[in-house]
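You will see subunit A twice below: alongside subunit B first, and alongside subunit C after that.
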Partner chain A sequence: MLPVKEAGTTIAVATQNACKACMPLGACLAYRGVEGAVPFLHGPQGCATYMRRFLIGHFREPMDIACSSFSEETAIFGGSADIHTGLDNVAKAYHPAMIGIATTCLAETIGEDMGLMLHQHAEKNADKASPLVVAASTPSYSGTHADGFHAATCALVNALAETDAAQAGRADVVCFPNMVSPADLRYLKEVLADFGLCHVLLPDYSETLDRPIAGEYERIPKGGVPISAIRGAGAARASVTLGSAFRPGQHPGAALLAKCGVPSLSVGLPVGIRGSDLLFQQLEDLAGKPTPEKHAAERGRLIDTYVDAHKYLYGKRAVVYGEEDLVTGIASFLDEIGVVPVVCASGGRSGGMAEALSATVSMQRGDIQVLEDADFVEIGEAAEAAKADLLIGNSRGFGLSRRLDIPLIRVGMPVHDRIGAQRIQLLGYRGAQALCDRIANAVIARDQERSEPGYMTM
Partner chain B sequence: MEPQETQIPAANSVLEQRRRQVATKGNAHGDIACETKSVAGSVSQRACVFCGSRVVLYPLADALHLVHGPIGCASYTWDIRGALSSGPQLHRMSFSTDLAEMDIILGGEKKLYRCLVELIDAYRPKAAFVYSTCIVGLIGDDVEAVCARVSQEKGLSVIPVFSEGFAGTKKDGYKAACDAMGRLLGTGSTEGISPHAINLLGEFNLAGETWLIKDYYRRMGVDVVATVTGDGRIDDIRRMHGAALNVVQCSGSVMHLAKGLKDKFDVPFIRVSYFGVEDTAKALYDVAEHFGDPAMMARAQTLVREEVAAVMPELMRIRKDLAGKRAAVYVGGSFKAFSLVRALRMIGMVTVLAGSQTGSKEDYRELEQICDPGTVIVDDTNPLELCAFLKEKGCDLLIGGVKERPIAHKLGLGFCDHNHERKKSLAGFVGMLNFAREVQSTVMSPVWQFIPRGRPASQEGDASCSP
Partner chain C sequence: MPDTDNLIKTVTPLPDPEAAKEALLKSYPTKVARKRTKHMVVNDPATLSAIQANARTIPGIITQRGCSYAGCKGVVLGPTRDIINITHGPIGCGYYSWLTRRNQTRTESDAEHNYIPYCFSTDMQEQEIVFGGEKKLEAAIQEAYDLFHPKAIAVFATCPVGLIGDDIHQVSKRMKEKLGINVFAFSCEGYRGVSQSAGHHIANNQLFKHVIGRGTTPVEGKFRINLLGEYNIGGDAFVLEDLFERCGITLVSTFSGNSTVDGFERAHMADLNCVMCHRSINYVADMIEKKYGIPWFKVNFIGANSSAKSLRRIAQYFENDELTARTEQVIAEENEKVAAAQSRIRPRCEGKTAMLFVGGSRAHHYQDLFKEIGMKTVAAGYEFAHRDDYEGRRVLPDIKVDADSRNIEEVTVEQDAELYNPRKSADEIAAYEAREFHFNDYDGMMPEMEEGTLSIDDISHHETERLIEMYRPAVFCAGIKEKYAVQKMGVPCKQLHSYDYGGPYAGFQGAINFYEDIDRMVNARAWAFIDPPWKTRTSPKLTASYGDQ
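Right, the complex of A and B next:
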């Protein structure tokens, strides 16, 4: 059991058991969703290794992240030489179409001029067919892994999207899916295809981070959004961004609008019926046709599931934590099934979570506590005070789940204590169906385990 | 799995700047190159100075461990290792000053001070360690001064750990951790310590391994003063100079502390390993020999006889399954690789590749000596190299850490986790049996029959590392 602090003391400054990871991790994940790309950290070796360990533990897939491997000399004289050598070595070993650079706090603190260095690198290699290089500024002290993910997505848009007339008509819609699971990405592609919409999903690690086994270690896993498709995104009819917790300058739809004039539509992360309806409504408008029967039927089955589950769930009190958009989406879904999201917490601090929650959750239903920039000790205290019945979030809540003796329904990232994290579904009618089953069964299983006679019916 | 026909040797997958960091036994020209910074753009499996310090000090369960820097370093090291404590659990919390943009501009000293004070008040630790991360040195925080001030005000040791990530390799982090513990040496009373008392160094109590080893020594009539750092306590480190002998495992991580104890307090040390039947028995005999007590030696012999007898029958059954299978070993410290080569031999397996992230020239010489001819030896390798060699040598098993697991699995090979995150005890005689069972469970699994093998040449695209 983890220790609990002395009664009467407060921790106001230190972060204890963080509910977030750092920016470059999110950026590397986003780059993994581009076809032929290798993520590259400009900074010390340890950062790359820690992030690889975190992502490999979650996806249980290879995640090669190259690194300029800063040394003491680099910190004094700058990392220009390491960038050139590093990019050349990655080009030689991986033959990538693109190298996606994320900066670390160390690189940013010594004031590395990435623009200049990449310009010099391009000049040096002018005679060679070298890979495209895209860089995002992602110092750890400026935000969370979610912010890093959005920063890299915007960097890809800003570097690649073109308004070129030759690209016109190639894509109807660009979807910015947010940091969701490979299974959710596959689902989004299926929905877009079923609407007959020619689409670009940016980023798309649905295949790269959930690969069929091939008996080979692929240098760069197959899949990802093609670079040509990102270029063509500038000529799309519209973009649809999922989520709303973006820091200034990190909304990918806004970036595409600013660069190429593509109209930007936004919906919250579509978890549950109301959230999914908003997305499907946008797609109906874009496609000029009603929701395909397959998805209408899934919506119907979802409502049927809500009815089957409602009595077990009514009035249950849940703590939801993780990335801000994930928390807002799940809280909105819980509100549909009669579960009160008594604590909605995130390590993120975009500042918009409370507002987004009050727009989607009937806050008057109970005392709903919104915690921004929170850590797991704060979440634990809030959960205890709120007499929570269940936890919904990543595996880092396991200690809390054990201490409070309440079930943990695993969603988000990381899930380091179960297999199958890459296939956890949340989005759309199908995702809500899976989530509703899991939550209801967690409650039912708990009552069953606690029942003395040990009945086998409900 | 048989070696595959290859046209391009795996050595071609080695980056030019890394050629001297790879050798084949029987074919080597001089020492392997090692202990260098990782080549830029090579996907090294190494960590950093901070990681080295963090893993060595982490198991000290009654200390406060505060990571001074932006959130990543603390977030990635929260309770990820399996070091158990029989009492306090404070080490399993992750504390960070979580520096944000303004702290970088204005300096982090004030925030560090406030964090230390409130955390010490709230958790009442026996001591506090403050880990400097990369940017702390750059922004010029005087961590030493803040620690001294809090030490004075709160009346406990607040110790800076100079572990800026970029300033060397994981090994330098081990040294920084030993320097930090060094400040505690000799500050406690040695009263009541028996003449037959030892310290266990480099034993981290993963899955309770320290408890198992301590019990072996107890049965031999040997007391243990301090365990560094598995199930470790601050007060034990303060008095560990009163022991008669330091028994050092995992030589890389705490050798510096053992040397300090020898120089300052004249306590000798020996190097041991508790991995594998032979190595464990040798460790116990070496300790008994040191004390020169025939009764103790007799007890050690009885213990070894009983323990070996208890595990041998099943080990031999498993050996029948595994005989002739081929293994590759890539671990953090090279000392562990020596034991693994011997342990694999005991269950009938052949090691065809061995390497480590941080081995020294002497380590690699010793490794070469215990390996069979033809074994590939690598320092600081990367996924592409490793997989090229795995395929060329034809392996059934890779032993490594979490980052190596998908390499093995994607190639369709068994994998055994031998790093600090594991939850199963692999030390001592029982540990050898656990190890054999784990190897058997992965090498003999029926799932590998479904892995697609030998794709037609036309499909051997550029995108794979297949030679």
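Right, the complex of A and C next:
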């Protein structure tokens, strides 16, 4: 296994320029992928505002997050009054089908009993047709935004999935896509449909966070996985979970298995050929048919691109950072195109990243450094020591890219300094194709800029 | 291509304001409507009505507001480059406020420190929440010191810290003694107060108590001023610094655009305080006046006319012919360029409407810029201002202090035994006042708004949508949180917190930049494509079948 810099053994006490956001942010994003849902933070309004700003800046889309707006008194005496008022007001103003609650650090610190409060709320509203309420516990002092995303996904499964086989339109497969872009979600749906698999994608913000302009504004955007479909997920034949960096109790496939007995299949985030092959094999088995020609052709084109690109890329040294599953997936892909992922870093610390990397990155190159619970100071030091040629990760690495004077290929979240974050593709043969083009072109552009005669043929 | 005049479907005539107000409240539960109605006023400059402001946002209503940590660490202290700011708390709060405000800074030499690109956080974990985080904070301060040897370190508390009872002030005091540099802390937990505004006040208090007045090296210069409430978004401060320099005015310190701790420490050596954003910094102006005898008045450098007016006021204050002559020369030079830009752009924008819902002063200041290109502000309001910013400081005695404001310290200030030196005598001040030259005053936004326009405080997401539907303004000014919702409705949204990656907008050059940006937005082609042709065209098949009959 790759040597890992363990969490807590860092020399630094403080975190300088963090490489992670906080749990409720991920939870709100997941709730945005449920049809008719409004995310709701139990805590002070500042957190909601910061998270909205972050998500809105990334997706360049509206993102409402309601909030119970804690006051100092609430902080001392508890927020049950605020949560009742808050839920009532959201119900009245939005008519949502569901309200998804995530707790902030403050609510968790004062030990709010969400179960009890929601029970009381349900009792108070027993006579009304009020929206469904689902809650996830998301204290940031014990996890990152990725953990929050998974916590909310599991909360949805635990609250809603039913085994009842009488569910109309029983799904063949439930796909837990992980925290990927709307474009990747659309791609997954296309692949599942091409296999003829009746599917549930949980969550699915492919439409809600990449909406057309129509001159009219719908407060709750169209799209998202319908609540009835989440209920029906309990009767599916199997689930496929993308990714592997789940903290205990936060693997959505395992949650669905535990609750409804749905067999759980897992593949890593399918970036690159091997990762995608694994996914397509699973889907072939589930569908009982071979990979449709369209996708087989995309695979072929991808290999053609690998061939076209290898002369530019072979032996280049890249630093990859971001959410653990993203890093693992991209590192595996880099390995295929001959780029050495010299530093693989994440602000997360689920503990499984090194192992996952060992499984997909060829070890003989030897000099791969894995950083867990890392911040950008550590990443910068490692990048410098490793003489990296490229950075691959979110916009927060821009300062580093400028300092080291190496290109940054933007993937993950946040991408606040470019247009089109919602359409960045990574998954499957198509995503690898796009990523391979981008990385190769970044390298070529560098060489071209530095060529004195100004070659136009590279 | 459609005619540029029709790119945005402006509603004419404007809706009846009272009816519009009613429509905004319609879908609220009665209790909410009763509260919200007090935050909305149909303006009538003849009879100024009272507006409710600085009140807690109702739970479940989606607001533009942030928290007091954001106001303290993000707004007031954020733009200073050589103080290391450590956020004490879980990671999110610090992470979200890392390099997101677009305040610029310029070091004068390579030896100077600049920590703006850094975000320090104690990244509290569960064990610290349970057992207390003071030790980790102390170690983090030590670490920051060892790594950078800064002149000063500031500590900011986030919500959980107040709850678990970490004494950040004690820790800071200890470390100040130990390290021999200034270390001070802000109890700016987000649950204090009702918005960023509480954080501004907390920031003002601590700067006054721990920083201002520590400097001893004299400041050279004949006309020495501080500029308060200017945060150098998009480079605004650079424009103003240049103007002052050309006029011969010495800028001792800015709170806090392009600032240094050294400037803060010597702020008491200025002879005049000019207040830009009244909301965020008036406390410091008042306290400095009481302790050191430096008068203050309100200025506004947004808009070419306002900029000229503000420069003239400064010159009048110092009563010096040379300064007056130089100031007039600078204004004349700048106005020439401004006039050229106006004549180019005004015809393209004239008659269009604007709405501004932002901040604690910008919703007022930017109305001047729109006026200069012939655009009318039909509705405006602040995100976190108080009644005095709407109605003027004359209402200060009537403002009720509620529980949310009571928990913010009111610093008692006395005249400094050595340093108190009234720059103008009581008689001199009286003479100025007799000439309608006012000190310690701000008239607020509402008296300057036209009859029948709307003032709405702490506008909600819901109200924003309804308002846009009813008025279809040519441009809506707010922040990034509102931007995309507004634009989905087919109306361009100008970000006035971060200037949408543009700016500077202050001073004369800034005014020109703003005219150009607004022109670009309201006349952008993209808006014309929103309605697809098939929406307005009768179906060809249908026409054919009619013809057949």
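As a convention for this text, the second predicted complex is superposed on the first by the 444 of 458 C-alpha atoms of A that agree within 3 Å, B and C clash if a C-alpha of one lies under 4 Å from a C-alpha of the other, contacts with A are read in each partner's own complex, and residues count from 1 in each chain.
Assume a contact is a pair of C-beta atoms (placed from the backbone, for glycine too) under 8 Å apart; a residue touches a chain by one contact, two chains touch by 3 or more.
This structure is a prediction, so every number in the text was calculated from the model and none was measured.
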May I ask you to decide whether A:60 touches subunit B, subunit C, both, or neither, giving the answer as first, second, both or neither? both
Tell me the contact category for A:220 with respect to subunit B and subunit C: first, second, both or neither. first
Of the two partner chains, subunit B (first) and subunit C (second), which one does A:47 touch, if any: first, second, both, or neither? both
Touching A:162 in the superposition: subunit B (first), subunit C (second), both, neither? neither
Is A:190 in contact with subunit B, with subunit C, with both, or with neither (first, second, both, neither)? neither
Quick one: is A:87 in contact with subunit B, with subunit C, with both, or with neither? Answer first, second, both or neither. both
Determine, under the contact definition given at the top, whether A:277 touches first (subunit B), second (subunit C), both, or neither. neither
What residues on subunit A does subunit C touch that subunit B touches too? 12-18, 20-22, 24-25, 40, 43-47, 49-54, 56-57, 60-62, 64-72, 74-75, 82-83, 85-90, 92-93, 104-106, 109-110, 139-142, 144, 211, 213-217, 219, 396, 399
Under the definition above, what is the set of subunit C residues touching subunit A in their complex? 27-29, 32, 56-70, 86, 89-98, 100, 117-126, 128-129, 136, 139-140, 142-144, 158-160, 162-164, 189-192, 194, 403-404, 407, 461-462, 465, 479-481, 483-485, 487-490, 530-531
Contact residues on subunit B for subunit A in the complex? 13, 15, 17, 37-51, 66, 69-79, 88-90, 92-101, 103-104, 111, 114-115, 118-119, 121-124, 134-135, 137-139, 165-169, 382-384, 387, 401-403, 405-407, 409-412, 451-455, 462-466
Quick check on the complex: what are the subunit A residues that touch subunit C? 12-18, 20-25, 40, 43-47, 49-54, 56-57, 60-62, 64-75, 82-83, 85-90, 92-93, 104-106, 109-110, 139-142, 144, 211, 213-217, 219, 396, 399
Contact set on subunit A toward subunit B in their complex: 1-3, 5-6, 9-18, 20-22, 24-25, 40, 43-54, 56-57, 60-72, 74-75, 82-83, 85-90, 92-95, 104-106, 109-110, 139-142, 144, 211, 213-220, 222, 347, 396, 399
